[in-house]
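Okay, handing you the structure first.
Going in written order, the chains are labelled A, B and C, and every chain counts its residues from 1.
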Amino acid sequence: MALHPDRLFPAEPGTRAIARRLYEAVAGLPIVSPHGHTDPSWYAQDKPFPDPAALFITPDHYATRMLYSQGVKLQDLGVARRSGEAVETNPRTIWRLFAKHFHLFAGTPTRLWFEHSLETVFGITQRLSPETADVLFDRIEAAIATPEMRPRALFDRFGIEVIATTDSALDDLAHHDAVRASGWHGRVVPTYRPDAVVDPQVSGFAGNLERLLAMTGEAATWAGYLNAHRARRAFFQQRGATATDHGHATARTENLSQADAAALFAKVLAGRADAAEADAFRGQMLTEMARMSQDDGLVMQIHPGSYRNHNPSLFADFGPDKGADIPKVTDYVLALKPLLDAVGNDPKLTVILFTLDETAYSRELAPLAGHYPALKLGPAWWFFDSPEGMRRFRETTTETAGFYNTVGFNDDTRAYLSIPARHDMARRVDCAYLARLVADHRLDEEEAFGLAGELAYGLAKRAYRL
Amino acid sequence: MALHPDRLFPAEPGTRAIARRLYEAVAGLPIVSPHGHTDPSWYAQDKPFPDPAALFITPDHYATRMLYSQGVKLQDLGVARRSGEAVETNPRTIWRLFAKHFHLFAGTPTRLWFEHSLETVFGITQRLSPETADVLFDRIEAAIATPEMRPRALFDRFGIEVIATTDSALDDLAHHDAVRASGWHGRVVPTYRPDAVVDPQVSGFAGNLERLLAMTGEAATWAGYLNAHRARRAFFQQRGATATDHGHATARTENLSQADAAALFAKVLAGRADAAEADAFRGQMLTEMARMSQDDGLVMQIHPGSYRNHNPSLFADFGPDKGADIPKVTDYVLALKPLLDAVGNDPKLTVILFTLDETAYSRELAPLAGHYPALKLGPAWWFFDSPEGMRRFRETTTETAGFYNTVGFNDDTRAYLSIPARHDMARRVDCAYLARLVADHRLDEEEAFGLAGELAYGLAKRAYRL
Amino acid sequence: MALHPDRLFPAEPGTRAIARRLYEAVAGLPIVSPHGHTDPSWYAQDKPFPDPAALFITPDHYATRMLYSQGVKLQDLGVARRSGEAVETNPRTIWRLFAKHFHLFAGTPTRLWFEHSLETVFGITQRLSPETADVLFDRIEAAIATPEMRPRALFDRFGIEVIATTDSALDDLAHHDAVRASGWHGRVVPTYRPDAVVDPQVSGFAGNLERLLAMTGEAATWAGYLNAHRARRAFFQQRGATATDHGHATARTENLSQADAAALFAKVLAGRADAAEADAFRGQMLTEMARMSQDDGLVMQIHPGSYRNHNPSLFADFGPDKGADIPKVTDYVLALKPLLDAVGNDPKLTVILFTLDETAYSRELAPLAGHYPALKLGPAWWFFDSPEGMRRFRETTTETAGFYNTVGFNDDTRAYLSIPARHDMARRVDCAYLARLVADHRLDEEEAFGLAGELAYGLAKRAYRL
């Protein structure tokens, strides 16, 4: 199963040769990872990773959801229960169960990421199977005990130039401070994610709001609340943040008068906002955040369209982020209009849009990003961070929005070892796309080299102001 | 026009060679046909087919709709009028009219199925045209008079291991009994299709309901009605059924309390349910059927999203199933939630979802099937049972749901001769897809052989419990 | 950057060779341009084009929107402000600004059209860049002063057999009359576009309506209004029109009783129709127009689904058609039903449907056009008039609707020089599509030759009754 040097390149030999040349030019570029979910404590504490199951299986909802869909229980994969009830804790047992079902991943990006990590990080070129499970477990277990496998060593080995984490607005960013205080050279920056203090329907919202106001010393008024955000954004910026991130169920925005917004906030504060008002409030806050971005220069990311926790009994047992978030039809044309009416023509603002509804690419997102100076398109996200997904992204956006209204690649992952695998996949798929344009003479090869570098490195760095 | 051995394979020679190898390994596998609309009387009575027009044209809405769209009248193709008014009855005249318009089918699967049947069943390698119409008619007419062209002989010649028909819940399954009583070796099983006794808006519903209760000796209560279904399901199961099928306008499900469901049933029974209540009742019955499947093990199929009889004047003249059913936008994420909340986590239940809205594959269906243990994805259906449709199905589902949350191929046809043609097309297109994954090193060729067998045979057999 | 003879053909050599043969057979066919937005005064007056910026940049919203999306101001591209405030007027300055940003168009059809025009019209094979800007400007400026670059000379050089313009229902068609009076051989026909007198929400509607009635001498009644349309349609037909065109926000149609329609018209006339009534009126008028087409034989085009003037501040500054129209989700199945119920089964009527929502192709449009005798599918439109867009159009419509329910190509442009470039692109992409069907043996090459001619020429000519 050793990784083939031509993987993910077009099969037609002439086109493959072009793709190979383009890829060779960008394969070694540093990784700019402007959006993801790695744990900042890894960089601060530089502890070894615990075991193969914790490294590859238990926390990875891509891995556990596939097995769950085929009847494997999450507790048997070591996923903790909210009740505290016992779950499987033997990493080898979990690993064997995963190995037994590994054939399910044929044709998926999870399989490609996993095998890229096995080979490039651990030198393993055997496929995982019930027969090889123990050998692979032993090799990985032995390797992660070595200093070369610590987070900071891997950071260098992976060629990471800069990585952004995603952090609650209430986070003290102590791990980020510790990284900076340590004198280590790695660049790790936070991202301001205020959902917990913006979404009235999030669990614990009232307490979160109280804490936000307390930690900034602001009054419980609309003006105070906005100031509190400004203060926290500044706090994040002082620690290197260049972006904010907003995960809402829809892309709805609002642009109420400040008086109406204040009245709505008062209801939200009092816990009297109904579902429609909560939704309006979230929409209003996207526009407020965009206005703050006009002032402080933070790039704004909007990740809409996921129906979170679709499976209530699974949620009751295991909590969020266990593979039960399902994409929904997502409108942008009407939803974003209030925000765009307010700030869409500002070329100094950057709002990066993501989608889980691929139909929006050619119909809405490329036309919007190909017009509004403030808009850019984030890369293919989540279920679409895959060879076919990335290909469709380019095929449905480039003709209308070009390359320069896109922002390169985001790995968006909490799986540290998959970072180089994901960037490598994106570079290969983008080079394959460019090679096809060269092969049918839509681009010259010379300019394709320039574009390959932009897609792999330049666009992300510039768009995220890194 | 002789069938090319490499048809539907990728053009790139290396990839084509892989596809050819994969296809050779599965081309001769038996046909498992777990969902379709052949007439059980064919197997019971084993009579010769009447004439070439009746075999290929008049009953085939794929064929007649294309000619109708270009101005040909259905009565001139022999389609019976509800009024009893005369229609064309000379099969040769109908055949010639079809031949005159046969160029319309260029690029369609209908053309490929038709020519596959001509060559493999009748040894005809001439293209149908006004010039060849009579010769072909004569050859087919002569052939269908021979014993080799009787349904049972073709069953063996086609290599059918098992075929499922689709039968009204009220059907006495006499033809199925006759098949079994005859001692013939062919395996023909019924499928429980209760739409006529579940959908309050179907014509004749009140009488159907009465008949259902009468034939099961159940009371006209909610409990009696559910028991009647249970009894009929058992009756079908005794005759070999392994599945139920549900064709609703939407995928809406409900999970009312039993008291509310009983009250709703009372309204339905009294003929007082309005459109919204009828819709709720259909939704409730999907969940009830899923619960019964948990008990009796019948696999449940849901075929939603067709706007039936979109053309009222055509419907008035010719009735249903005449090519005027049009797909609609279909939601699954919200629609299925009540059913999934109730039974979605049961790994012993199998609910197979179909769609006519391809946008749902990557956005909703693959994410749902890649999570819920009870869900699997049916193959590309109806308008999408085609080379491009099947390719898009794999490209938009595999990366998220893998291969093992899909269920192989359904021919879904009432055109007996097209069965081997359709399975052959599906095997070719799936092998072409796998070959592309091998060619760009997403799969090893060795595992692609295993998957090709699963897609052609194994998955259908296991998913439908055949 | 010289145009490669194999551009837009499949990379696989065997398939490319087929595409090349097909293309050679159709490359030289005359251009039938049945729908577009060229200015009839060009043909009437045959004046030279003013300057390179006016020819290629300032009036072309494909060009200006891309630069605007990257922060360039429209006034700096010479786009006039409604306020009359000064904008850039030096064509060379505008040209240089465009050159500086020309790299943005990599991968877009705009780039391909532009370079096709440079080479085939001006003999320029250098890529536009800041370095080459002045040289190219000078060459183009010199060329457009020559008689060979006048509109009528280009008409012949482009091989245009017939071109349709799009004209307001209120237009006196004086330019069309002048063309005919001039004795010039070029065939230029008008198209009846009544939006300004059909849409109560269009600015100036009341005055438009008054003018319509005045110019036809009809009474301000529903019957008079319909007669006025009939008179204007006849006026257009006398000047060569074979088609009407309707650009609505949605595809909604209505089929009210004539009494209800008259009452609705009275409200519209009085300026008392609210938004819902205005929408119903537009819907009713589509059905009325279809009925008039049954009488007078004009082909009806429906172009729905664009959210016009999405950017209000840009609209306030610069007016409509400045790149701020954004596609929307568009339903056809329910929206068209009233019209189809009324006239859909008439094989003598031709209604050509367009979409900006590609999801409708396989789900709704191909199934509708593959059934209703009155319906045909227009080519990939606007943002989708591109290599990938045209490929997706064929891949998602052919299997269900075939080729003969489509109508060839529309260039739909106001950019005169892009007409041959656009037809050339469409011919190449269609030949590439056909070549793929030949390469995998879905079509014989011989019949592909016939189809290539139909797609390039025959279908448009027949569908538009030219």
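Criterion: contacts are C-beta pairs under 8 Å (C-beta built on N, C-alpha and C of every residue); 3 or more make two chains touch, one makes a residue touch a chain.
In UniProt terms, the chains line up like this: A, B, C = Uronate isomerase.
All of these numbers come straight from a predicted model, not from anything done at the bench.
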item	value
Neighbouring chains shared between subunit B and subunit C, ordered by label	A
Cα superposition of subunit A on its sequence copy subunit C - rotation in ° rounded to nearest 5	120
Centre distance in Å when subunit A and subunit B are each reduced to the mean of their C-alpha atoms	40
Of all residues in subunit C, the ones touching two or more other chains	10, 12, 359
Touching residues on subunit A, where the partner in the complex is subunit C	10, 12, 14-15, 331, 333-334, 337, 340-341, 344-345, 347, 359, 362-364, 366-373, 375, 395-396, 398-405, 436-437, 439-444, 447, 451
Residues of subunit B that touch subunit C when the two form their complex	1, 3-4, 6-13, 65-66, 68-71, 103-109, 112, 307, 310-314, 323-324, 326-329, 356-359, 383-384, 386-389
